[in-house]
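The next part holds the structures, each set out as structure tokens.
Paired with chain B in one complex and with chain C in the other, chain A is shared by the two complexes that follow.
So, the complex of A and B:
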């Protein structure tokens, strides 16, 4: 009974946020003078209307899910990893370079280049943890600032040493990935690739780790009360480093599968401009870092993006409608955080 | 009669937190309300203070029926409440905390100087020593409590409700508080004192009302009663007297030799040449006012903080500055001194809380995968065995009362069957029933031939349970007594830094 109740509240909060978000969206649509029903109909069609749009939405959700899972994992252990964007870009650029320079192509190339990308991204996040341990540099700040370094460094790599010079001018990008080393599509003719399967499997695996393993228990307890964890003999340092490593690897994987599954190269800005990592962060926070919940919310947020493109195609409502709804969701998240914080204060001072 | 509650009933669903409770307070009276946790003391006071509404019953103040819908009305009627957990703004000064919400103004601005002056005057009037310009968060707990009382007085309260005011105080601070309360009564105030410490009731209250399961089981004049009668009314039965049967003492299980610990921040000596041993089949008590090195001693033994010098030997192996896990594996179990800080994760459910330190055992996991079925069965059994009152093991720990959470922690640590148990403040803030139960468990563990180190600032607990007693003062061991030779007087003197010669 109690369990049921807590499970229900887990879903009620994000649901409520979404409903209010859509209501505010309604006002915005009315202001632009379009029919609300038609607009939301277009949004739905744009996101799920036919197989093409549906698979497009799911494809867009892949990096959001993976980055979101990464954020959620660290958050569960009590560490706020704001560096998903940097880790995602590091993973992507590493994969894009490794796959091209490996002397062979095919499945093995794909696996190695993905693992390389995850590893570099994981170490990048690990670095922030090390700085926290060694110099007491606040994780929140270091992970955030490392984003800029990563994005600009990747930009340099593809503009200078690893630039694809075969096509003159245009956006800096790496050489095309060989066809044999790409992530195959799930359905012919559609954008959706096997990265989606990987993302779903990982969401289930992480949910299992969290709930059913001793490691997951240690992570959860550390996230809930550091002192209690230490009292029980849990090694904070070990859990911090492992969870940051895993968190970074998941964000890195988000970048790697984008490179091998859809862009087939690293294009400057192609992964940071759509804000995949930040949308993932939002998904994790809305879902209270529950891995399955994060996945569901990530798909919803992706649908909001693809749906609003549909709205723009077929109505006079601009696609910033998705931005408005997302802004309301962000407000909800911060309201939730403030409430939790205030409740905490209240309880401590009771 | 200054204040009267008549036939107050408060229902939460089917549960009656208060059942036909009547209570009265005369001018310049101290009226204590005692009862176990969950007996309905706090609920009753919350209704008087306007934080809850009674389901039925009336409240009269100065003979007039009043509807107290919120605390502001209560304050207007001259009722003030000092909560068990302080509600101060730690970074602000004492004066700012006292005048909060009723700030003196110069034009539209806050008048800092006037606030400080008024607070200083108020404190002097009631004989409370404070410096209004000190930062509240830096002040000792006893001072913080005075600030809370001043806050209530500043709001013009005539009736002051104190909810468990002595739970967080050292014995010396308790004495000072009792003196202040008498002073307040002399100045014309009336006091309602919620507590479960009967000696304080006997010392200071004029009348006492006993609650059990939401009902009044007696309203007595303190002069005509005694602690035994009160505890019988509270618990509803005779309390058992736990004897310490004499048993054979075995090998040394814990041996601490000449340990020293200094603060990394200030360089202050926290533990100074501490040496003590605990043998099989004995409970060794450490008496002392909190803050005299007990916390540091706990941390040194359990591996939570390193020592600079000396050695800690547990169950035959050198455990000096080892990790918590190594020490636990060597045979430590540990009831921590602060159950919310160290002892539990409030938001986690009882299963997660219960499994800490056990989750890695082969009985509960295989290759890192938890055996949830076995775990849940074990937790359900433990909860039953230790009589932890809860609706389900999936409830989060924050919804347990203090005493029940403490029982859960005791269950977790005692059931491990380790050769050594460190019990720090095992009954702080728990009711008599839970206290009796936990004491029984400690004695049983001792009788089974295990070693127990009991650290407590509650002298009666130390005296009742310890085969040997050490006294700590300013990080040093300043005295050692046998069970027979220890007495409250002897220990008190040493605890306050004096000596017995």
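So, the complex of A and C:
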């Protein structure tokens, strides 16, 4: 019974936040002088209107889910990984370069280039963990700073040594991925690719690891109470390094599947400008680091993004409306007052 | 090498460091009272936007700055309310504030000015540069210090004022007491929440000035997300400077210097991306040397509210 109750409050809090977010969105729409109903209708259509838009939304959710899972994993162990963006970019650029230089194409190429991307991204995240463990360099700061370095470094790689010189000018980008080494589409004619399947499987696997394995138990213990965990014989250092490594690998995978599944190359800024990593971070926080919850919220946030693109196409409301709604959402979810508010109501009800 | 280092480099360092210094001082006063303000970037962006928007309507740069300060302070009150009253996680709230600021400013840019990317208007008047009467006449020093925007001088003034505020004043020691141990401070009759509010609101004022220096001092325009992470650099300056005004001055000076250098290096054969990386790399290296205790306690506070 108690469990049921906590489950209910877990869902009610995000729901309240969603309502408030949409309310603020309503105000913004009214300020820009458009009809609220028409705008939200366009938003819905842009996100779920037909099969094409629905699959587009799911496609956009892929990097958000994976980055979110990565953040959630580290967060479960009690580590705030703000470096998902840098890890994502590192993974993407590594994959884009490795796939082009491998002497063979096809499935093996795909697997190797993805693993290479994940490894580099994982090590990049590990580096921050090592600096904290060894030199007490704050993880929040180091992961944050490493983002800028990664984005700039990747930008250098694609604008100098690995630039696709066949097309003169334009945005720096790498050479196209061979057709045989691309992630296949789930449905012909749609953007949705097999990265989505990978993301869903990983969400389930991580949920299983967290719930059913000793390692998952240790991770959760460490996240809940460092002292208790250490008293119970859990090796903080080991858990920290592995959870940060896995966290970075997941964020890197987000970048890798974007490269092999949709862009077919690394384009400077194409992965950092849409703020996939930060949206993933929000998804993880909104879902309280629950892997399945993170996936659901990531799809919801992706729907806000694609929906607002639809809004921009068909009305005068700019697509930054989704940014406003998302920010309000996270503000409200992070505040404890919705919870307190509910508790108070319950007490009064009694 | 001679073209790389000359006297005007110090002049441009001062210009580059001013936004970082002001926002960094804002971060410092917050961390002194135990608030880890990750929202500096969003506050700066808001100040930059309001400065340009108000300037476009009022055609008066001073009025524009006043409006930017008032607006950003109100915006920072949202952060204060969320973190202090509602006990929301400081880091999450700060990131959300940054997102909200990007969202609101780009949204407003499109709905008010009907432009995408950047707003520029020939009629807009930027901040004037001030020649300081006496110093101007001194041969070397005049070249170094004179001819900056008023906000640059204000930044230096703020550093000195804040230094003496913490060093000498009773109110300053109350601020520190709240940061070191809020419960003990409360037992001594210090109004903890009020002081934390004051600190966040002051950081709002300082960030507004920092933003205005970006959009009205260095250039006279606003572009989407024009702070480009400078608020985070300011945050790092806060930490490097151990939340001490003089320390913040020196560390933001370091960043201003690397920024000024990186602009010069672009003329040489060094890839731009590497020169742009410099401030971040130097920061990480500097963190190996400096360890900040104040910031750690502010962080501990924030970690306490993360679950």
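Simple rule for what comes next: the second predicted complex is superposed on the first by the 333 of 350 C-alpha atoms of A that agree within 3 Å, B and C clash if a C-alpha of one lies under 4 Å from a C-alpha of the other, contacts with A are read in each partner's own complex, and residues count from 1 in each chain.
Throughout what follows, contacts are C-beta pairs under 8 Å (C-beta built on N, C-alpha and C of every residue); 3 or more make two chains touch, one makes a residue touch a chain.
Values in this document were obtained by computation on a predicted structure and should not be read as measured data.
Undergrad: Putting chain B and chain C on the same copy of chain A, do they fit or clash?
TA: clash
Undergrad: So, A:212: does it touch chain B (first), chain C (second), both, or neither?
TA: So A:212 only meets chain B here.
Undergrad: Would you check which partner chain A:335 touches, where first means chain B only, second means chain C only, and both and neither mean what they say?
TA: The answer is second: A:335 touches chain C but not chain B.
Undergrad: Taking the superposition on A as described, I'd like to know which of chain B and chain C A:140 touches: first, second, both or neither.
TA: Second partner only.
Undergrad: What is the contact status of A:50 with respect to chain B (first) and chain C (second): first, second, both, or neither?
TA: Touch status of A:50: no partner.
Undergrad: Touching A:233 in the superposition: chain B (first), chain C (second), both, neither?
TA: Once the two structures are laid over each other on A, A:233 reaches chain B alone.
Undergrad: Identify which of chain B and chain C touches the larger number of residues of chain A.
TA: Larger number of chain A residues touched: C.
Undergrad: Report for A:155: first if it touches chain B alone, second if chain C alone, otherwise both or neither.
TA: A:155: touches chain C, not chain B.
Undergrad: Going by the contact rule set out at the top, does A:285 touch chain B (first), chain C (second), both, or neither?
TA: In the superposed model, A:285 contacts chain C only, not chain B.
Undergrad: Tell me which stretch of chain C runs into chain B once the two are superposed: 166-174, 184-192 or 274-282.
TA: None of the options clash except 184-192.
Undergrad: Identify the residues of chain A that lie in both the chain B contact region and the chain C contact region.
TA: 224
Undergrad: Using the touch definition up top, name the residues of chain A that touch chain B in the complex.
TA: Spelled out, the residues of chain A in touch with chain B are 1-3, 6, 212-215, 217, 220-221, 224-225, 227-235, 347-350.
Undergrad: In the complex of these two chains, what residues of chain C are touching chain A?
TA: 78, 82, 85-89, 91-93, 95-97, 99-100, 102-104, 106-107, 110-111, 116, 229, 232, 235-236, 239, 271, 273-274, 276-277, 280-281, 283-284, 287-288, 291, 295-296, 299, 306-307
Undergrad: Would you mind writing out the residues of chain A in touch with chain C in their complex?
TA: Per the touch definition, chain A meets chain C at residues 28, 31-33, 80, 82, 131, 135-138, 140-142, 144-146, 148-149, 152-153, 155-156, 159-160, 224, 278, 281-282, 285, 316-318, 320-324, 326-328, 330-331, 334-337.
Undergrad: Can you list the chain B residues touching chain A in their complex?
TA: 83-88, 302, 304, 323-325, 328, 334, 336, 341-348, 352, 355-357, 359-360, 365, 368-370, 372, 391-392, 394-396, 398
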